[in-house]
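Chains: A, B, C and D, in written order; residue numbering restarts at 1 for each.
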């Protein structure tokens, strides 16, 4: 029992981190109607930015997380301006194909750039709070606790913004009907930029938070990226609620599945494959995911 | 039409002459370039002509490679038979993926194939008792000779044969359907095109050639690891090759693959920065010249010979 | 048509330039192979490359000709290793030294054998590398079996009963796992109790080991020793997560970071205080005796890089010297002459007097330097250099 | 010849079509009108098989066709155009025409089909554009191409979704003529349009939809005078 609770707690913490990444991807999809295949790399960029902020300038690592979100936000705005905006001005044909290839290409570019700029070595960001917290049989690293709370706070803040503020309403309006939103005077280009920026900033924040826990390296973005793809399909493309539930589900499945489903050796080896299998099953049984409504195509 | 045939003939002649000029290592580079050329053209056929953006080409190549290698090692299958089995294994997997996801649209296929590639990579790593995973599977070579020349001609033959088959398919009515589906899936459907069948057909044919390339690679290179063969960045390089060459042309894909592979060797001194350059080239070309770098140059010159007839003229 | 020709011509031209790059014959080319970029262990590769350069500039000339050192990046990938060896063979290298990853070495020895290119493996431990009995392959690093049977002796000597391990699925990791399974599991420890050895194999890209470590933590009795049989990021993460979960190091459980990565400053950067009292192994330690050769090498290396070299650097350094001496003794760069010279060589290097065994039993002993040493050390303070860590085994060497 | 009975279509809880029934007779020219979102295009999408009905039946020449894939329905002789013209952009005009010709089995020799395509293009007066990429055509020319492409199917029923929207007035008259000519050849038409003048002119019979329900069915004159129709349009 103790063992089970410890495993479930671990899964929950991992799930919260996934949520931060996946919500960003889902937000981008719901507004821009495209999948950002460079999402994992934005996560990696966030991790490196916060690492350098805290090690070179001695900034408190928690503040560095938010600074890195700002930097990645700006990066996202630039990406959207130079590479994605043409999708909505009619300058690009074959929008679906272009959106897939350009984001994937940017991801590959960022990976190689990071490898060249930062070197291949593994780095660790500064601890948020060192030490461990023990409650009875449960021992949790303080970093993981801090990260969980920060992740919850960011997710709640985001939900609040989306549901209660004007900006949130504008975001939802554009995500439901771009043309109608334009008629009521919402500048959809600006909303696109905002949604993309915020979406990748969330990924960047997640990367910065992962830093002290799973260490950082130029290739660190690939797995979180793939997992967030799995999650948004699982939760339903473009559904924020689906992304959150999907993330927690995947965190638990990985944590418990690698212990209970297979023999221990295989469990660890196949851990990263669970999500993919889940994805295949969901696609077979309910292709629109848990909370998605229908397939969306650009154009 | 006739021009193309002559052009292809000259390209083949140049290809045949390569071993006369190149020394061993550069011949190796040439073989690898042709290997990527086959993968890139199979991806181009799928993505460029039928509009299905799959990221599973390297993984399917890997399936072909491992199937063929394991059959030779464990069942002592004759090399040529194993090579075909490898290609067929990739075809079957391609068919399964097709049946599973091709009914879906937009980014689903891309999402699924990325995840699928990872699944294949993880599985090949995890089953290391069979595949030796990251340790590298030592695969028997196709020929006993140390010389690379026979490998080169084999690969050249495979490439030319495969291109011929793909070209024939694309010239036929199936090619017409592939393109119609790429342009407007629904319109194609109401015009009587069995969309799902032809999407799967394109996927299956492309998978076969990816598998074929992979199985040849296995018996040429002699060592296989899942991580280096099918990691996501490798797929990125393959796409960069196709895009630089021109995504809607088989010849473009071949030229792109050869160009990028050789540049990668020349620019070795730049270490990792050369991949930054390819990445940058990829996004800039996508952004500013959707038809690639090489093919439009060719087209621009070729277009001069077509009689001038524009819409404006027609309406006057 | 003409345009297609031009177009193919340009590509052909680009391609041809490469084909005609020539080399000059009046120098001796020594090849090096090392992982210089990810996913390889680039820290070790960089160190080995510097050590090779140091050795070359000391030697200056071989057979009266200048030396050209050509170090190729293998990225820790077997295919890249194969390609690198082929490039070196084409460049006309007289011999090749280096390599860190067993899997890559395993691919490289095939090329060495096929193209008759003498290869001295500096730092790859898997038994299989020398067990294939290839005439062109030599090794300075200890074979897994040579060293890890001694680790088993240590485990038994400290009275451990429950040993758990997380193993990376490489020749190196699985080789060690096999040695432990054979020499540890179900054997009696010093108190006469049977030792239980449990291992979990994982792929190199795994980052969260928590579920498996939690399983180990819930074992009864608690494990005495956690073996972290990983290199690079994984090695760091296992030590870190073991600490975070309160599993080890503590009074009940110790953690043994088996990979070389535990000797680098990055170890402390990543594991922090959880590294205190962690255990690792090294092929060089001051308590093994600091010869003048070592003193000189260390001083030069530190002057050049500001870092303390590990034994990987020393092995790479000695390998170049051994190769150079063999070429001098052979009097030519003909590969068979070099191999014959290597089989008879005696070279006093940083690590000791290097020679190669001709025994084929045990099978990994062929062309292996039997004198390779390795010791078990324990860190006692955060940020400690490995040269200041305490020596645990062999017990006889303890002061 | 085409019968729609008790047709229901739901989109995630929203009922787009509610128990719609109507029949179309041989060589009839039926118009469907209704305010935005009344379910006109959805009806066509259901008949052409792009959507699967939630409930109800569609019969063509006495055989059920609901649930059949689109291509099968097309092969049985029901062709359609789209509200937003959907030609195959990066294919030449002739290639556009050849897709239906080659997609439907047993259509005859490729050479004859090509001749036929040129004949149809000539009829629509766009044969001089046969080697242009379809994307280079003007909006009106694309409408004509779409129409021509349908003719390659030799359909008995042609469904036109907004054939006059965004079309130059002169070309609109041409399209009127073409429709009349083809109708005279014995084809059946179902036309959706916002252009009430055109549709009142052309149709023999009109169906009016509002919120997925049929509110009126009759000859144009009757429909014009129906109170419910006026109300539906004013309420829009």
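Just so we're on the same page, contacts are C-beta pairs under 8 Å (C-beta built on N, C-alpha and C of every residue); 3 or more make two chains touch, one makes a residue touch a chain.
Not measured: the values here are computed from a predicted model.
Asker: For subunit A and subunit D, which third chains touch each of them?
Answerer: Common neighbours, subunit A/subunit D: B.
Asker: Please flag the chain sitting at the greatest distance from subunit C, going by CA centroids.
Answerer: Chain centre farthest from subunit C's centre: D.
Asker: Between subunit B and subunit C, tell me the centre distance in angstrom, where each centre is the average of that chain's C-alpha atoms.
Answerer: Whole-Å distance between the two chain centres: 37.
Asker: Measuring from the mean C-alpha position of subunit C to the mean C-alpha position of subunit D, what distance in angstrom results?
Answerer: Inter-chain centre distance comes to 73 Å.
Asker: Any idea how many Å lie between the Cα centroids of subunit A and subunit B?
Answerer: Computed value for the inter-centroid distance: 31 Å.
Asker: Give me the residue numbers in subunit A that touch at least two other chains, ranges are fine.
Answerer: Residues 93, 115, 219, 269, 272 of subunit A touch two or more partner chains.
Asker: Would you pick out the residues of subunit D that each touch at least 2 other chains?
Answerer: Within subunit D, the residues that touch at least two other chains are 89.
Asker: Which parts of subunit C, given as residue numbers and ranges, touch two or more other chains?
Answerer: Those would be 37, 39, 169, 201, 203, 205.
Asker: Which residues of subunit B touch subunit A once you look at their complex with the stated criterion?
Answerer: 47, 51, 53, 55, 100-101, 103-108, 110-112, 114-116, 118-119, 122-123, 125-126, 231-233, 236-237, 239-240, 243, 271-273, 275-276, 278-280, 282-283, 286-287, 290
Asker: In their shared complex, at which residues does subunit C touch subunit A?
Answerer: Spelled out, the residues of subunit C in touch with subunit A are 37-40, 42-43, 166, 169, 199-203, 205-212, 214-215, 218, 232-233, 236-237, 240-241, 244-246, 266, 269-270, 272-273.
Asker: What residues of subunit D sit close enough to touch subunit B in their complex?
Answerer: Checking each residue of subunit D against subunit B gives 48-50, 69-71, 73-75, 79-80, 82, 86-91, 95, 98-100, 102-104, 128-129, 131-132, 136-138, 141, 149, 152-153.
Asker: Tell me, which parts of subunit B touch subunit D in their complex?
Answerer: The contact residues of subunit B facing subunit D are 173, 176-177, 179-180, 183-184, 186-196, 248, 309-311, 314-315.
Asker: Note which residues of subunit C are touching subunit B in the complex, please.
Answerer: Touching subunit B: residues 1-8, 11-12, 14-20, 36-37, 39, 73, 75, 77-83, 86-87, 89-91, 102-104, 106-107, 110, 114-115, 168-171, 174, 201, 203-205 of subunit C.
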